[in-house]
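Order as written gives the chain letters A, B, C and D; numbering starts at 1 within each chain.
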Amino acid sequence: MIEMLDVWKTYPNGTNALEGINVKIEKGEFVYVVGPSGAGKSTFIKLMYREEKPTKGTILLNGFNISKLKERQIPKVRRSIGVVFQDYKLLPKMNVYENVAFAMEVVEATKKQTKPRVLEMLELVKLKNKLRSYPSELSGGEQQRVSIARALVNSPGTIIADEPTGNLDPETSWEIMRIFEEINLRGTTVVMATHNREIVNTLRKRVIAIEGGRIARDQQRGEYGYEG
Amino acid sequence: MKVRTMGRHLREGSRNITRNGWMSFASMSSVAITLFILGVFLLLALNVNHIANVVERQVEIRVFVKQGVEKVEVDKLAEKLKDFSQVESVTFIPKEEGLENFKKSFGDKAYWFEGLEKENPLSDEFVVKTKDPVETEMVAERIKNLPYVESVNYAKDMIKKLFTITTMIRNVGIGFIVALAFTAMFLIANTIKLTIVARRREIEIMKLVGATNSFIRWPFFIEGLLMGGLGSVVPILLLLLGYRYLIDLVQVDLNLYFLDLLPLNPLAWQLSVLLMGIGAFIGVWGSMMSVRRFLKV
Amino acid sequence: MIEMLDVWKTYPNGTNALEGINVKIEKGEFVYVVGPSGAGKSTFIKLMYREEKPTKGTILLNGFNISKLKERQIPKVRRSIGVVFQDYKLLPKMNVYENVAFAMEVVEATKKQTKPRVLEMLELVKLKNKLRSYPSELSGGEQQRVSIARALVNSPGTIIADEPTGNLDPETSWEIMRIFEEINLRGTTVVMATHNREIVNTLRKRVIAIEGGRIARDQQRGEYGYEG
Amino acid sequence: MKVRTMGRHLREGSRNITRNGWMSFASMSSVAITLFILGVFLLLALNVNHIANVVERQVEIRVFVKQGVEKVEVDKLAEKLKDFSQVESVTFIPKEEGLENFKKSFGDKAYWFEGLEKENPLSDEFVVKTKDPVETEMVAERIKNLPYVESVNYAKDMIKKLFTITTMIRNVGIGFIVALAFTAMFLIANTIKLTIVARRREIEIMKLVGATNSFIRWPFFIEGLLMGGLGSVVPILLLLLGYRYLIDLVQVDLNLYFLDLLPLNPLAWQLSVLLMGIGAFIGVWGSMMSVRRFLKV
């Protein structure tokens, strides 16, 4: 469960990215976050796994107030969430396998558990033939899929994805969406920022539309669109 | 932390060195060169100190016995001199030997003094050395007051000057070494920091994926340790080989007997342990210091 | 005019990205390059401005054989092309204004020419309020638009864009497309790799479909799609 | 290249230093520290060399004139000695003065030699100094063959030993300085390289946007020049102030008259120019070398 109560975010350079966000996402929900470029979608998402701290307001994640979290407890919160970053955030000096395995090393999984699980995830995103490639040797879409595999590998209770299909062709995008839908059916919360009108309008879910740092619309089984 | 995680950190730490190939190499060669310089000056300072000691040891007190004193009394005086706790050695020079030496020092002009043997104007003489050359003056003053002692000669001014010089040399040496050691630490930490700053993004990513601070730190700890440690191997080898060669050169080939260098054996171990210790310590320290700055994500 | 004659590209790690490409793009054409993720679109595009060299084959750009170009002549070729990179490639220590102005400094434009032109371009991509922001302070879509502004600022004869709308919402994407169409009407060649089915199917142009490193289809006023 | 582009490069080059704040600072402080060490040892070596020169100057040839030679012949001999092109100064010591000095050197034992005045066994003596102390032996051998010269004394062994030592000290000094200079160059170039490697992506982007190699290189040239140049300012100031303090300390406070240090004046300029030159040169060189590696895009 993710809850935001009157959350404001002003970046150090003075940009007001979010202005008074109130929202509640229940466990097991599937939520699209839509809005024009620069509306504040990524900021909204970054607050959830505490890449950014809110300037004002309270954020509750599974009951914990993560705006007041102690430094030491942050890793625990982040491990309970799988994040697909808009800019992928792959480790440049590790190959595809190592990048995905890293997320499992962090939780001190055994090697025996790690290997088959990582290979399974890479199979899922169709990258099994790129195991030994480094991020700089991958196409944009391939990098994005590595980021997705890493987010899923620990079977987290919540998946947060920032435009996970931005660099994927429609077919691959749909495959990824099918994966997200499947894990959502098994109880995982999914929050996904997207610009993909086709996906939002076809796979109908709750839509939170952000515009100018405010929630312009919050609708179950909504359509793509944010103006009003 | 689980044992397998420790194994993973060890593996990651050493692989990071190869992963960052060029940077690690640049960093390690800076470590190596800095430690080499430090080592050279350490050897130099230790040897200068040693030579200063040797020179100071040359300081002696010449005690002149009054003319016409009985042999028994002279022996008693010898005993008394030996009884001083600060005295290391006492050598007796009878006045005949004294004159002989005096004449010898004039070489072919010795014939000027042919007449002196009959009525030897010199006194019997003791040469006294103290255990610690700094006590010379104090001991000399006390000897002066002993019976049958005519005069005491210990090159007061010369000794003062000598100690001023040796003390100065020692202080300058210590100053240099301390300054160099800090400089070396600074330079090494600086290079290691530069290599890690280049990886700040990686550290940030690791944190965002849920790694704890210590999970990120350990490989860097190992890496710093290895870089510092490995970086010290080459300078240690070079220094030991070079020093052995120098000893040979000075003592065998050039026959510079007056250059009394410290022997290789205990020095080699001390130097190796010291340099490797400094390398490893600063490697770890520099690494930890710079990682810390990027952990606040 | 861009022409490729039996072009092959094998990356140093052994990946065959392109296998025998033959294609001719006339001056003033508007071409979509489509294909699944990892098909070789970016590689195809990178060959044109010589970020990559072909392993085999000839590439002619306005009559010059750019696979045999001397080191010294490369900048000249690159200046005649405006490139929107898939990963934006903004200079991290320069702000938005400086990033766009850099492309004009390179061609030694006067300050008098530079300032109004850069501001005009930033107006066009709706970033005039972000002049002093650094790339790390921008949203994904904003970064992409800076990259677009930089590609256009020197009014090059050819625009090459690698998924220029991947991180943009549909409205902004259409605005960018309108800009591309307009400069194309004024004679600029446009080559654009994209995954956006809606755009390709609405704004009908020539479509080159790449699959597995080969041209699967090359069709005037084609639809999105690449399977056969 | 147009003038305004040159202006742009100057501006960019200096702004890069502030843009890369921490890195520039780390780099410049490494430059500063390395140059400081180099400067200290340069001063040390120059002064040691100077002292060695002073000591060597003390070397003199004593020329003893045959007994009973006429005053006119002695004057002629003096002329001849002065005619040697290698001779710097000739001092005449009549045998009476010689005996006086000899007796004085025995202090309160001078009465031993009361009888010698009547039949003075000494000879008239010339003290000859050569312009270059190394020529002492050669000049002495030639003087030996002049008429009326009984013998020539120039402490052959002592001089040999002295020259062995001073030559050794000089060589070691030069060796150290050259080694240190190379080390300094390596360290500085290394740190500057590390700061530029961190910017390889920027260089690649610039090339992809159509910048020529020289367009990219110029700001780095300026940056390297400034970093090296600015990095040398602090050590130069510290060295000059420190050296002035040292001169005061040695010559006024401690009264160590035997420590004859080089005066501040020409040295200050030479040192400043040298260190700043090295800093700027290596700054540029290191910068250019590392940019070059990333220009092949």
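Heads up, the rule we're going with is that a residue touches a chain if its C-beta (ideal position, glycine included) is under 8 Å from a C-beta of that chain, and two chains touch if they have at least 3 such contacts.
The chain lineup, named per UniProt: A, C = Cell division ATP-binding protein FtsE; B, D = Cell division protein FtsX.
Predicted model only: the values in this text are computed from it and were never measured.
Minimum number of contact steps separating chain A from chain D (Cell division protein FtsX): 2. Farthest chain from chain A, judged by C-alpha centroids: D. Note on chain placement: the centre of chain B (Cell division protein FtsX) and the centre of chain D (Cell division protein FtsX) lie 25 Å apart, centres being C-alpha means. With centres set at the average Cα position, the gap from chain C to chain D (Cell division protein FtsX) is 62 Å.
The distance from the centre of chain B (Cell division protein FtsX) to the centre of chain C, each centre being the mean of the chain's C-alpha atoms, comes to 67 Å. With centres defined as mean CA coordinates, chain B (Cell division protein FtsX) is found 62 Å away from chain A. Taken as a graph of touching chains, this assembly forms a single closed ring in which every chain touches exactly two others.
Looking at which chains touch one another, you get A-B, A-C, B-D, C-D.
Residue ranges on chain D (Cell division protein FtsX) touching chain B (Cell division protein FtsX), taken from their complex, read 22-23, 26-27, 29-30, 33-34, 36-37, 40, 109, 112, 116, 121, 161, 164, 168, 176, 180, 183, 186-187, 190-191, 193-195, 197-198, 254, 256, 258.
For chain B (Cell division protein FtsX) in complex with chain A, the touching residues are 1-2, 4-5, 8, 16, 19-20, 201-202, 205-213, 215, 296-297. Listed in rising order, the residues of chain C touching chain A in the complex are 11, 13, 15, 34-38, 41-42, 86-87, 133, 137-142, 144-145, 162-163, 166-173, 195, 197-198, 224. Chain C meets chain D (Cell division protein FtsX) in the complex at residues 49, 51, 71-72, 74-76, 78-79, 83, 85, 89-93, 102-103, 105-108, 110-111, 150.
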